[in-house]
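Here you go, one structure.
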Amino acid sequence: MNKIKVSIIGATGYVGAELVRGFLGHPNVELKYLTSRSFAGQKFSDIYPVFRGVCDIDCTDTDYETVAKESDLVVTALPHGVSSKTVPVLIENGARVIDHSGDFRYKNLATYEKSYKLEHPHPELLAEAVYGIPEFYRDQLKDAKLVANPGCYPTCSLMALAPFLKAGLIDTKSIIIDAVSGVSGAGRKESLPYAYCEMDETFKPYGVVGHRHTTEIEEQASFLAGEENIHLAFTPHLAPFKRGMLATIYARPSDKFADVSTEKINEIYKDFYKDEFFVRALDLKVLPDVKDVNGSNFIEVNGVYDKDTGLIKLFSAQDNLGKGAALQAIQAFNAMFGFEENTGLSFVRGV
Amino acid sequence: MNKIKVSIIGATGYVGAELVRGFLGHPNVELKYLTSRSFAGQKFSDIYPVFRGVCDIDCTDTDYETVAKESDLVVTALPHGVSSKTVPVLIENGARVIDHSGDFRYKNLATYEKSYKLEHPHPELLAEAVYGIPEFYRDQLKDAKLVANPGCYPTCSLMALAPFLKAGLIDTKSIIIDAVSGVSGAGRKESLPYAYCEMDETFKPYGVVGHRHTTEIEEQASFLAGEENIHLAFTPHLAPFKRGMLATIYARPSDKFADVSTEKINEIYKDFYKDEFFVRALDLKVLPDVKDVNGSNFIEVNGVYDKDTGLIKLFSAQDNLGKGAALQAIQAFNAMFGFEENTGLSFVRGV
Amino acid sequence: MNKIKVSIIGATGYVGAELVRGFLGHPNVELKYLTSRSFAGQKFSDIYPVFRGVCDIDCTDTDYETVAKESDLVVTALPHGVSSKTVPVLIENGARVIDHSGDFRYKNLATYEKSYKLEHPHPELLAEAVYGIPEFYRDQLKDAKLVANPGCYPTCSLMALAPFLKAGLIDTKSIIIDAVSGVSGAGRKESLPYAYCEMDETFKPYGVVGHRHTTEIEEQASFLAGEENIHLAFTPHLAPFKRGMLATIYARPSDKFADVSTEKINEIYKDFYKDEFFVRALDLKVLPDVKDVNGSNFIEVNGVYDKDTGLIKLFSAQDNLGKGAALQAIQAFNAMFGFEENTGLSFVRGV
Amino acid sequence: MNKIKVSIIGATGYVGAELVRGFLGHPNVELKYLTSRSFAGQKFSDIYPVFRGVCDIDCTDTDYETVAKESDLVVTALPHGVSSKTVPVLIENGARVIDHSGDFRYKNLATYEKSYKLEHPHPELLAEAVYGIPEFYRDQLKDAKLVANPGCYPTCSLMALAPFLKAGLIDTKSIIIDAVSGVSGAGRKESLPYAYCEMDETFKPYGVVGHRHTTEIEEQASFLAGEENIHLAFTPHLAPFKRGMLATIYARPSDKFADVSTEKINEIYKDFYKDEFFVRALDLKVLPDVKDVNGSNFIEVNGVYDKDTGLIKLFSAQDNLGKGAALQAIQAFNAMFGFEENTGLSFVRGV
């Protein structure tokens, strides 16, 4: 069989590098272009020496038309505001696209424009874009021209919430998401606060009011619940490890949730995700740990009922660059091109 | 002036070691006995080589009577259930005591016995014991015979909540405490889950229902609020660093809280803690970071108002072995013996 | 094609877990038995939760005869002294074997018995065993019944030294190997010195006289140089990271080494390893970094000439569990069973 | 007693911050000026939040004349080439000076100019400057106007070598220093290679030929040995921790070293450093660990004899910002101003 030609625009950030790692191991993919404005002309393995001998391709600054024409799929790892201008060019030139920015994740234009403080140059694509969580939008991915790869916090949060939102089991006014990310979430950059000696032993909240991922979670949570305008609280924290993300979510059971118990919550997860390769619905009282999903596309979920306060506590752990970004994009790619979703993606990190 | 004679029972755990470090730097203290069942006969600096040349005292297994008689203050760093039997002996023999276990932290006997699943052999001491947060119980510490040093999570949580509980500004039914501790909180022990290769890159929740510190926080929160039987949600997490603790707290403002805003929350903290050396009420929108209090007795607090959800978010950071344990005990010691509270305690870690 | 049946004896240590990870990704392998005395009856993924969903096989305590009869290859990850008794049983029952202990790494019985302070119950196997560095003993691996997988320090050291020893370019009396290992090298165990709070921020030498790997390196160095009884100095250190190993080697050029220079050293490496997939002979003046080989079977080498002292400095970096143990065993397996040596082994860790 | 007025020029780098931490705890010091070009006008505790409440002084850009006139001691933490111009101004204006650059560490002008590739504007000060290791130059420090605070690697190496060099016990042609530094040694800067995600899990050699500290060690080693032009090999490595340094040193015993043994080496250390507070000559076969000196001015030394190769191996561990920089400067200050050398300096880090 011919291999699918995949190009990556903005290949030299951390998401780009994880895309390269993932696609390199995919049996049906040929990496075509790795583009980079800053590093054009350099070997990819000079930028990321870990790839010496496995990806010594030159980064290029090839124009988008050419990239699109010579690729079956283009994955864009660009800043928001840049993607919204680039993606339409790629689509016009015949490529299918998976985009990593926030630019195509919203259905509601106003929410996007308010959250990102930008005018969208191609709002007509919002309706067409498929929100790239395969577990939720698998069917639409098959024929999707444009996939908006979800934010890391939204993926982690929504996959923990989905079984309860879909079944109407939680009071949607009561949701609080407390989440933690590894440092790679901030991207690859020269910046004093992210220097080793500044980050080591740091643990701190940031973006505690109005973080952009809040509205992204809210819109998708509304779709899952079949209810308009869910508002929820979201508080991200930065932790001293490279990769990994954990969400701890608080919510009150709705009146529909009869006989709430830790056992029930566990059963709901087990049942909802029973056919999902990448979702580990953990055994009763076993809780997620970022260590266990690090370097993989797996996500772990579980929850408990705290009867003293009447609150449900839900937990999910993923790799922010894995299921939270690049590897989920490859899972979506598999869905788009008709491969088994775990093709080339069943690796774990080991010790 | 004669130095105060201080002994530590159970000196070889992490809290014990931090007590030694703190008291060594205190200008008015003479360390008398460092007792240890497991390490009696060994030099303290053989157990903790970091103390070579500064604390080469032999650990002993001296009987409690002798320790008490020859000391002005005895600090016990013993497991719960052991402290409750040991402390009375020390007091009878004339020593003042600061205890680090949960055994004397509660006023309500039933809550203690339910939380710790133990019968208390000396419930008569519960009333007498002073809960050792100097910022709240300074006056009672002066003449206290017995100080119950608070749990690490309770100190971190209560100091963030106090200004709002005291002024009745939050709905006490709405409190959720999401907290994170460094690994030293688990103590010094041979245990596979705490081995370096198992803990590195871990981030996970634990004890998510019924953690003992919940009831300790609840009882003190009730006292601060002047309200009976507050129940709140508490979720601890384990993070991959040795020392440090952060609490992120969610609550709804009460009707009494007029014109809630981030600015108001900040002013309340600044005002409430304006005379407190160890409490850093941070500037508007500056958030706590465990790195900045690591190795010290400082605690940082601040908060924001999230108007989209109507929730208040409060944050506090401390060192779990510092303000969360041993160094707060030394602050209490200063209050007990009439020293300025920051005597010997104004150090920070630096880079 | 039928898959090769591979079993692992002692599968639940860190080397075992890395073997499982590696073989799981091998397209021509079926994992048959994972045996463990301590964990028999438990799912492998309960011991290593990172494998949930990818290796949920039960660990067994199957007798060695059965394991051998039902497997094409048995990999033993057992302590020395145990391997020497177990491996012969496996071979007698028809399996080919790769052993991870020191028991079959020596040709000279006396050196083994002195180094390991053990009498060898099956010295007749020493001659037959192939020392499992494929880059050196590829041809013998093809028909090997028994492969002695090398020690981590020996692999790292010998691959840096080989081009110079083989060509007689260094004074074999002048060799000093200064090396550093990550913590996983100590194995999976409950042990206070390896607890997170004890290991974090540690950097220290250990085993500085008479470390067993010294004689293993010496014997193989002697073979490479075609010279008897090379003695060299070896000093291992422990560093605060899970995986990874670096060797810094000092030696004087021999009289045969004309016009020594950094450029020459680099050329020698490039030439010697030009056909080796897993050996990265780095570009001139680019030096190895453990980060870049972590989680892979790659090894990096390079060197410089310090004309002020007349010393050659050689550097090599590998993953102690990768090229230093489990992944090199899989490379050897590929050589034994006629696969391309990088089959299933071309992955790298990424960011 | 009047306090000594101390100012720090270049106070906002990591050495500067450690100087501030150390001097803050000194009972006889008043911090006068903290100068910084980049951060003038900002509170020191805004740059280093860890100092909130203990050092909220404003950084200034005060001219050097004023700083010198109003201070008893000025400590300069400036780049080389800048110090050589600044220090003379300070001295002319009446201040005593401790300088942290390489500009005044050499007696031999040519060696300095070759090593630093700079012409020295004030070579007349080289003779006058005292090399600031108090254990070696205590007497000269008393009246020193200018102290050249040693490099971190030189301190660590020389203190391990001194007893053997002074007694002529090692062959000075055989010395090899293999050393490791924590990341803070690279200073506080925005630089991609020192970003958290790039440094984490890194271990690598750097500056492996011609590192400047080589000539600094050589000159001082020559003085200690009373022998001209010692040349030695030096190889630094970067390790993934903030603070700490370890040197592993190889040398051959000279003919004068009768009956070399590990015991003898240990006795020599114990004897040579018997009166030194900050030098821990460890017990027989106990080896240094950076963890144990981290955050302090202590340095640990010990050694072994490897009879198989006839080599001596010496080990030393210190904190690169402690005994390797800022805290040693404060020890020198104590010597300069007639205080006990450990005044304000006997703290250790603890757990």
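Here are some notes:
Letters A, B, C and D name the chains as they come in the text, with residue numbers starting at 1 for each one.
Convention: contacts are C-beta pairs under 8 Å (C-beta built on N, C-alpha and C of every residue); 3 or more make two chains touch, one makes a residue touch a chain.
Computed from a prediction, not measured in an experiment: that's the story for all the values here.
Of all chains, the one whose Cα centroid sits at the greatest distance from that of chain D is A. The centroid of the Cα atoms in chain A and the matching centroid in chain C are 37 Å apart. In this assembly, the C-alpha centroid of chain C lies 39 Å from the C-alpha centroid of chain D. Centre-to-centre separation of chain A and chain D, using mean CA positions: 47 Å.
The multi-chain contact residues of chain C, meaning those touching 2 or more other chains, are 14, 184, 197, 200-201, 240-243, 289, 291, 294, 351. Taken chain by chain, the contacts link every pair, so each chain touches all the others.
On chain D, the positions that touch chain A within their shared complex are 14, 183-184, 188-192, 194-201, 240-242. By the touch criterion given at the top, residues 176, 178, 180, 197, 200-206, 208-210, 214, 231-233, 235, 237, 239-244, 246, 248, 250, 262, 287-291, 294, 304-306, 308-309, 311, 313, 315, 317, 351 of chain A touch chain B in their complex. Listing the residues of chain D that touch chain B in their complex gives 14, 17-18, 20-21, 24-25, 48-54, 184, 242-243, 277-278, 280, 282, 289, 291-296, 298, 300, 321, 346-351.
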